[in-house]
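Next up: the structures, one after another.
Shared between the two complexes below is chain A, which pairs with chain B and chain C, respectively.
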Partner chain A sequence: MTADPSTGPSTGPGTDSAGAAEDFVFGRTQAEREEILLPELQQLTEHHRANCAGYDRILGALGIKPGGAGGTIAELPWLPVRLFKHHDLASIPPDEIFKTLTSSGTTGAEVSRIHLDKAAAGDQTRALSRTLQAVLGKQRLPMLMVDTPSVVKDRRSFSARGAGVLGMAGFGRDHTYVLDAEGRPDPEAVRAFLAAHGDAPFLVFGFTFMVWQYLYEVAAEHRLDLSQGILVHSGGWKKLADRAVDNAEFRARFAADTGLTRIHNYYGMVEQIGTVFVEGPDGDALYCPDFADVVVRDPRTWREQPVGTPGVIEVVSTLPKSYPGHVLLTEDLGVVHGIDDGHWPGKRFSVLGRLPRAEARGCSDTYAESAAGPAEAASADPQGEQAA
Partner chain B sequence: MSTKERLKGVFAHALDLDPDTKIEDLRYREIDKWDSLGHMALVAAIEDEFDVQFDTDQVIDMSAFKVAYDMLREMGLGD
Partner chain C sequence: MIISPRFPAGPDRSLTGLLDEMSGDVPGGPLAVGDPRMVDFLTAFGRTLLDPALIRRHPELAPLGFFLRRAELDAQLARLAEPGTGSTRVLRFPRGLVFHIPPANVDTIFVYAWALAALTGNRNVVRISPRSGPAAELILERLATALQDAHPAVAATQRMITYDRDDRITEALSAACDLRVVWGGDHSVASVRRAPLGPAARDLTFPDRASFAVVGADGWLAADPAARDQAVVGLYNDSYWFDQAACASPRALYWVGDPTTAAEARTDLFERLAALLAARGELPDPAMAVHKRVAAYGEAAAGRAAALGFAADEALAVLDLADPLAAPRTWLGAGTFPTATVARLADLVPMLGRRDQTLSHFGIPEDELADFAAALAGRGIDRIVPFGAALSFAPLWDGYDLPREFTRLTTLGTVPAQARR
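Let's look at the complex of A and B:
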């Protein structure tokens, strides 16, 4: 899976759907999610059964009768996210496909294919926009891209990174890249950007490891003042493990050495495009937008884990209407820290890392490792396949 | 030049359109050049030409030439 900023969400135009209400999307308590989302999710299950033969066969094989799907969000039938790598699952006819998104697998071997019709493409873009507006506001801010302009040069072959950069570009203006076309740090470009825009809020976007390596390290060395920045990043901590940088360290060092304190990690994947789980202002955990939820499961029994006990993350969202991706079991490990007890209501959680290929048996080892690691680690490995 | 003609010129240049393109009927993703990358160039070019700033929702909603034109008119840049 993956949290992928890449293929993802894009700020390309949606289609003609009427403008949705611009409500703040981090307002629902867990009880409200059960009450409001559950009927929508049950209807989605029936909708996808009626329109996606492959999905109907899978649920049928699990012994789930039509109309008999789940009395709580946690009881809804889920699909392993990996299924989208092996099966073309769509709930729309081929001639209504407007956009097909693909994940970028780490190995490159397998990619998920996610099909959107016009309505779904518009819905996901608007949902992402409303979600990020909770931390960015409506205005497009001057934007620092922690990447090289080369990643968006060839439209025929965007990498996951390129897709991520492009998907976020619409949230900003006056885009300035932190690396030059050859991928070398360009402190003078950053300095010029800060001279023009650095005394008012500006947006910074990048993959987590690049933000550390090419923004933090360069800004610290050149004593750049990033105190007006709002950083949005995703991609996971794996590549930073050898530098011993976890989320807490990342935040602390940015604050101390560059003045940057408004930092929001996010977690999402192309298989549930448009839905991103965003780190709250306190940096304590990821929060679910109002149209989404998470369930952390015991990898042996698949029962929902109690708060504080790590397990496999299931992501739930009412967005996927053109493909059966509304309830997906990821390949990421995570833990719910609390419910209705944080900055925003609902569940707050962290991503602890990837599920080892070894499956359930290996999980406990990983848990032990993770428990000793960064407690606040948030986010999966996007590149592995991601985007935002 | 009218707002509409100026806007057509911006589209033609920002999206590198063929001279025979029917710009007034153009819709997002209808042609290869108006994809998400082209869209970013287009939005920046319109903002430069007309000295306006669109917010995120407007960038997302700008799904056709006609929509862009209507937005400019709503911003007081009608002919």
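Let's look at the complex of A and C:
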């Protein structure tokens, strides 16, 4: 989650002049990605080596010669995403930093710092717009926010949730909040929104657990008709696991009880800002936009897992030019379900959960353990899945 | 102020009640230093740990079991004998109430310190962390078993409790105790120290420490293959038992010798270690594997590691230090060995200081080690031990003689002062 509210589209997705077909970003087969993305990614590796000393030192220490990185996307050298929490890695000089994004660190000390120059900030905004247009269309739709307006009010103490809400706001118009300023469900506001906009497509956005707790439960109880809605949500399933709600259950119950069927989960992180992996219309898996890819790796050998075998997710994107984040090993577990065999071409995959935090069984943590307990911190983190 | 009694186990209760109970009369009279009631209990407990099935699962419990044999305890007590001076006798007594705050995750270390405090006749309250591991649970089970046949004085004087971080409980125990034993990092020590002690009480602190391993390159190559394999097993035990996070586990490994010999010895040692890891099926879980990559890449990004090598399915990571004397003291994950070569052992002296605890060694002559210790002159390194003994607890720990720290002295003179003129 970006803590910078201005990373969302400033003009909204409806203002691009190019036609929908040529802008569609879920069109490349896996072979096309290897052919088109690989040279770009290799160039990015060399670009970051030339411009980020820390990155060059890592590749050098791994014995990778300049120009010798990766004959396939899966062979490209990766960085662990948590490295950005401990090291300032940028490929631009300090005076060209236009914007620094921070991740939703729950412990305060551990936040990633991602530096963008003007060009990179523009690139990520455009990329996100084009990605979401694939499911939203080019029009700005009336928008139902599954959150409280308070979450974006105080910009000084901006929360990750607030940043996500504000970042998405640009994709809609006539925003209505599902919760009131005190965080209580406001069925009357939703009813009024539906009376005004419920007969034509409208956009619904929120974090997965909030959408379930405040939109599904309220809509089901008040028999609200959400059949024209397009829901975009993110944030992981951990909090819903207690209620035995998984993605299939989530979709089935929304469809049966509210008529809402156009549902798109998405997966992304601030360390690869602008790149989001979006659930296809069938709800079967997440798909990669054309400028991105995923590689699921075996944590013992780091080799790519075969289709169907879970492992650690690596996210690949040609967007990161101002910092070496084009090939990142996440701390999420996932599985590729198939390649070029789904609704859209390329790999389709699921996120299965988060790796637990490696903990030292050391002598050096006795009494200080509980102030910011790692267990609580992990549960408060929305699985590292971020709105852009 | 509610605590959970873990030994003797019982329902949650108030700390005040527990402290009141502990200040009452002890059945059979107060405990003395080396009290037979306590020695019997400790040896019975030690025997329950020397159970082959238990040791297979938790090899770190075996040394604890041996440590609690009667002969070993008697030897510790014998060391405490005070000759006195002239006509004055010196009598040794328990310090009183000892409050222990052991490390959360090194499951066995608290048992050693507690056992020595109990052996010397103290009343003890040990805070067991809510995050303690499976070995701690087993230890509590075995303590309960041993308690069944123990003298009631044991149950009356020894308590292990769990409470979530609660400053009021720590404050009450700190105010009540005569000695507070704090393990853990600098931060933990500082945090506990905010709770005042009584005027006559004192702290025994075990803050952040770092440790290193050294190998004589010539000595390594001169050793026969069996001795090298044995040394590798020792290094493995020192490093992998507590995910290399124990303060006595080596944080870096140094070669002493000329670069060519050292390179040859290094290749041989890490090949043997990789083979051992493969044979033992030692595999890091995915979170640890990722953590090791994060830590190693971070050392490279910062320019502290010039080369990174990963082997044995991520169970082994070897980092070449860019500057041999800038060794990392932070935890880099289980099975991560920053390494460098120095010409002479004495070259390490300038980088070592108070926070450095254990030097484990192989293939270095004893007089060279003694010269090294003399050059350090007590500024750092409290223990110089052979490979495989880094984690062996000793009553002399971190520069303290624990049985002496757990007791106090009363002098008894009988000859009137004027008669000595």
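By definition in this document, the second predicted complex is superposed on the first by the 332 of 388 C-alpha atoms of A that agree within 3 Å, B and C clash if a C-alpha of one lies under 4 Å from a C-alpha of the other, contacts with A are read in each partner's own complex, and residues count from 1 in each chain.
Heads up, the rule we're going with is that a residue touches a chain if its C-beta (ideal position, glycine included) is under 8 Å from a C-beta of that chain, and two chains touch if they have at least 3 such contacts.
Not measured: the values here are computed from a predicted model.
Trainee: Just checking: does A:Asp242 make contact with chain B only, chain C only, both, or neither of them? Give me first, second, both or neither.
Mentor: neither
Trainee: Give the label of whichever partner, chain B or chain C, reaches more residues of chain A.
Mentor: Of chain B and chain C, more residues of chain A lie in contact with C.
Trainee: Applying the document's definition of touch, where does A:Ile58 land relative to chain B and chain C: first, second, both, or neither?
Mentor: Only chain C; A:Ile58 stays clear of chain B.
Trainee: By the touch definition at the top of the document, which applies to A:Gln139: first (chain B), second (chain C), both, or neither?
Mentor: first
Trainee: For A:Val152 in the superposed arrangement: first (chain B), second (chain C), both or neither?
Mentor: A:Val152 contacts chain B only, not chain C.
Trainee: Check whether A:Lys99 is in contact with chain B, with chain C, with both or with neither, and answer first, second, both or neither.
Mentor: Only chain B; A:Lys99 stays clear of chain C.
Trainee: Given the touch rule stated above, what does A:Gly170 touch, chain B (first), chain C (second), both, or neither?
Mentor: First partner only.
Trainee: In their shared complex, at which residues does chain A touch chain C?
Mentor: 54-55, 57-58, 60-63, 79-80, 82-83, 86-87, 89, 299-302, 312, 329, 331, 333, 355-371
Trainee: Okay, in this complex, where on chain C does chain A touch?
Mentor: So the residues of chain C in touch with chain A come to 101-107, 109, 129-131, 133, 164-165, 170, 182-188, 191-192, 206, 208-209, 242-243, 245-247, 283, 285-291, 293-294, 297-298, 300-303, 305-308, 313-314, 320, 331, 333.
Trainee: Touching residues of chain B toward chain A in the complex: what are they?
Mentor: Interface residues on chain B, with respect to chain A: 28-29, 32, 35-40, 43-44, 47, 53-57, 59-63.
Trainee: Under the definition above, what is the set of chain A residues touching chain B in their complex?
Mentor: Of all residues in chain A, those touching chain B are 10-16, 19, 22, 98-99, 125-126, 129, 133, 136, 138-140, 152, 155, 166-167, 169-171, 173, 175.
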